[in-house]
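The same chain A turns up in both complexes below, where it pairs with chain B and then with chain C.
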Partner chain A sequence: MSQDLTRRTVLAVLAGGAAFLVKKANGQIVWQVNASRCINSRLFEAGVEACNLCTTECVVALSAVRAVNEYSKCGRCNICPAYFNITSAVNELGQPSEKLCPRDAIARKAIGKVDPEDPANNFYEYIIDEEKCDGCGKCVMKCKEPLGLGSITLRVRYDKCVNCNYCSILKACPQNALMQLPIDQAL
Partner chain B sequence: MQYRHVQVIDGKGALRGIAVDGNGQLYAAGDSEIRVFDRNERWPTSRPAHAVAVASDGSVYAGEIGQIEIFNGAGKLLHTWRDEKLLGRVTAIGFTKDSVLAGDAADRAIRRFDRGGKFLNNIGKDSAVNGLLIPNGVVDFGVDAQDTIYAANPGKHRVERYTAGGELLGHIGRFDGIDPAGFTGCCNPTNVAIRDGIYTTEKAGPRVKAYDFSGKLLAVIATDLFDANCKNMDIAVDARGRVYVVDTVKAAIFVFEPVKV
Partner chain C sequence: MSRLPQVIGRACVILALLAQTALAQAIPYQRPVDTAPQADSIGGGYKVPAVQKPLPRDYWLQVLDVVALAAAMGISVWLVLKRRSRKWLTALTIGSLAYFGFYREGCICPIGSLQNVVVALADPKYSIPMVVTATFVLPLVVALYFGRAFCGGVCALGAIQELVVLKPVQVPRRLDRALGLLKYVYLGLAILFAVKPALARDFLICRFDPFVGFFRRTGAPHMLILGGAFLVVGMFVGRPYCRYLCPYGGLLAWCTRLARRGVTITPNKELDCGLCAGACPYGAIERMRAVRRNCLYCARCYAYCPRERGVAS
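Moving on, here comes the complex of A and B:
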């Protein structure tokens, strides 16, 4: 390789790095959870405990990570294992008597054609209250296939994230699941 | 009633649906073919096969996306019923005395056709509010000797009974995450077979059970043999009461036999 070529390569890398830092400083490069790596949503991890490091390791109080339900994927089930603790005793409505979320951050609403007599006949919308959710991942783990449909995943929220140079969650994440992306790809 | 695990049959590729004929011959739908196990034959289908069923005259029906292919007992293709709308994704096929039933998972309904392929009516579509609630992508059902149709309605944790005309007669089953007599998870049972009773499979965790027609649990046939990530495990029961269950991850068929106690 000629000296000139080496110099040009170094300059190109430096220019690329500088452009990246400018984009990051402008909020155009952001951190996001890679759902296919996160233990809570990664397939073929049946039966393991939910990982809550996104809650405990984020520098922001209550974390910048939230559980997000993608409605187009959600089955709108009567017995949602992310909403109910499905191993709690069954109540008079034929439903589990306890909810799963420790912060009561998921609300449930019957939608469409509603049968007031029989809750099993209805579809439900599950709405996550982002003021209450701290991204603990419990509901994400229960929504995962094959128990659920995998519609709930953990996401970094950009109104909360301070875009650390090196995400503190990533330092602790056993799956290396936080990644930096251009913002249009991260939403 | 008790069952013992007697055999594991290598699925010889991806497995979706299974069926047993009157002679105990086992058929499986998977990849783009029907496999006939004892004869070690593979009949190619023109699209990926999701379901297989054997009619009383010995013809073999393959459920696919947008169509049903009908073979004679030697594997010769006789007819193709194509209807992209009514046969969106055929995940189960069954028969009454005078009609052919196809579970269309794309539209979450059972379609009823006459023996020539003319559409007659829907079953389970929007009945009792939203009808078959199928978040798991598979419609499955069985038919008893009186032509009553037993459809898995996993979103309601029930097996529902319908007339061939589509009238909902009743159901067995309820949600319970602790008591094995109930169905657990978000949506179970996913699959059902009918013989001398009602046989069901569940996902997360995988479980196979037998009920009588009143809904009384007779046996938990198996739980821990299957891969934990299995779902939509098709089930068939032969005339001797042997129960065949698909492990969709291991691509194998587990066989269970009733034990006299």
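Moving on, here comes the complex of A and C:
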């Protein structure tokens, strides 16, 4: 044991370091998807295959990232390109016959009375069941200019996210589209 | 006439179908609306639903985790140094494994927090919550006074290995020493990777945590296999991760050189019969004396001491 190094010195160093870190502390920080970087939600990426790294890379069994429909921005379209697979064959109702979501996590519900004569003025509510959603990003890729209004984005579910020291999705993301923010600044 | 909009709609969809297969960029699918209709334009008493905003674990619960950590270390010190009870320490170990390991899924742990602390010290733009700082500092402070109480009965990674120790062999002293240096190499590497610029940064300790996959009941196959291998080896070589790899263990071991108290084997009270040295699976008893640097607070030496047993009964 060295004589010159005392417990008091070490404690002082620890306390000093801790005080520095506490002073710097910015409240609670959370991971969040940066929509302006995420290839699924940013513009001018329409038509390419949706990136599903958020689904495959998250350490939580069912990814902590899920799609969120910002309802105030939703067009409530009759034929929603995020709900329907608009490239599938049209059925007798005049709608694409297939749904886009592989997990059937989006529910479509008519708002008010449906007028079959005037489909453009019928509105539908699209609710995403976040318990089912695994954040594959397919709907996000479709719901943006020019097809949609961009109301669906990927977000981290804070109650599912284990707040890893270093997000494993970010590790894999070619766009570096995940960021750490203080909780009051995050979505 | 009345069927016209429907026909147009149908045509749009068919066009979209054709265009998507032909040219990915230009999709003639017509968006029916240019702006989102709001409650007033929809009418009929429609209300815009609220977006789900699940909040993270409450802050007070995170503070509670730190309190639990401090309490568990306090209990560990008391059980080992005062009660000298291996039985109750095992109970604490199981409790810690259940709470910090399986319930909290191995996060947040002081071992990993090392990296956050290093980054927060080095990168002016990176800050860590107070609970992380506390999680990092508390076990070190305890080690400065009482030795590695965190390792025994509190650390989930230690606990899972502690509980599989079956038939430990004594690792030859020189090999044990040499392997023990690995943890400082690992510590250096972890710091090196953590202080890299933000995008190249990697948290090696978390990435190569062999047991977190078990705690989360999911994980990359190669890490689960590695974890399994550590547990199998751990049946015969006591707590291999703690002794040879744990970087935080390296810090704690360094702190114990200033410890005021620790597990002691005193000739006045014990017999100097050497039973304890044979019982220690971690090679922490040298020449009949406990080596604080290596002592993992398991209290086996006390459990195997005939004199101690006499005291207890």
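Note that in this section the second predicted complex is superposed on the first by the 151 of 187 C-alpha atoms of A that agree within 3 Å, B and C clash if a C-alpha of one lies under 4 Å from a C-alpha of the other, contacts with A are read in each partner's own complex, and residues count from 1 in each chain.
Simple rule for what comes next: contacts are C-beta pairs under 8 Å (C-beta built on N, C-alpha and C of every residue); 3 or more make two chains touch, one makes a residue touch a chain.
If you're wondering where the values come from, they're calculated on a predicted model, not measured in any experiment.
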Which partner reaches more residues of chain A (counting touched residues only), chain B or chain C: C
Applying the touch criterion given at the start, work out whether A:148 contacts chain B, chain C, both or neither, answering first, second, both or neither. both
Chain B versus chain C as contact partner of A:162, first or second or both or neither: second
Given the touch rule stated above, what does A:61 touch, chain B (first), chain C (second), both, or neither? second
Could you tell me if A:94 is touching chain B, chain C, both of them or neither one (first, second, both, neither)? both
Which partner chains sit in contact with A:125 here, chain B, chain C, both or neither? Use first/second/both/neither. second
Given the touch rule stated above, what does A:115 touch, chain B (first), chain C (second), both, or neither? first
What is the contact status of A:107 with respect to chain B (first) and chain C (second): first, second, both, or neither? neither
Where on chain A do the contacts with chain B and the contacts with chain C coincide? 46-47, 75-79, 81, 86-90, 94-96, 112-113, 118, 120, 123, 146-149
In their complex, what parts of chain A are in touch with chain B? 43-44, 46-47, 75-81, 86-90, 94-96, 112-115, 118, 120-123, 145-149
Which part of chain C faces chain A closely enough to touch in the complex? 2, 5-6, 9-10, 12-14, 16-17, 20-21, 24-25, 27, 29, 31-33, 35-38, 42-44, 46, 48-52, 54-57, 59, 62, 105, 107-108, 112-113, 115-117, 120-121, 127-130, 133-134, 137, 140-141, 144-145, 199, 201-203, 206-207, 216-219, 255, 257-258, 260
Residues of chain A defined as touching chain C within the complex: 1, 5-7, 10-11, 14, 17-18, 20-22, 24-30, 46-48, 59-61, 68-79, 81, 86-90, 94-96, 111-113, 116-120, 123, 125, 127, 130, 146-149, 151, 157-166, 168, 171, 176, 183
Can you tell me which positions in chain B touch chain A when the two form their complex? 128-130, 133, 135-136, 155-158, 174-179, 182, 184-187, 203-205, 228-231
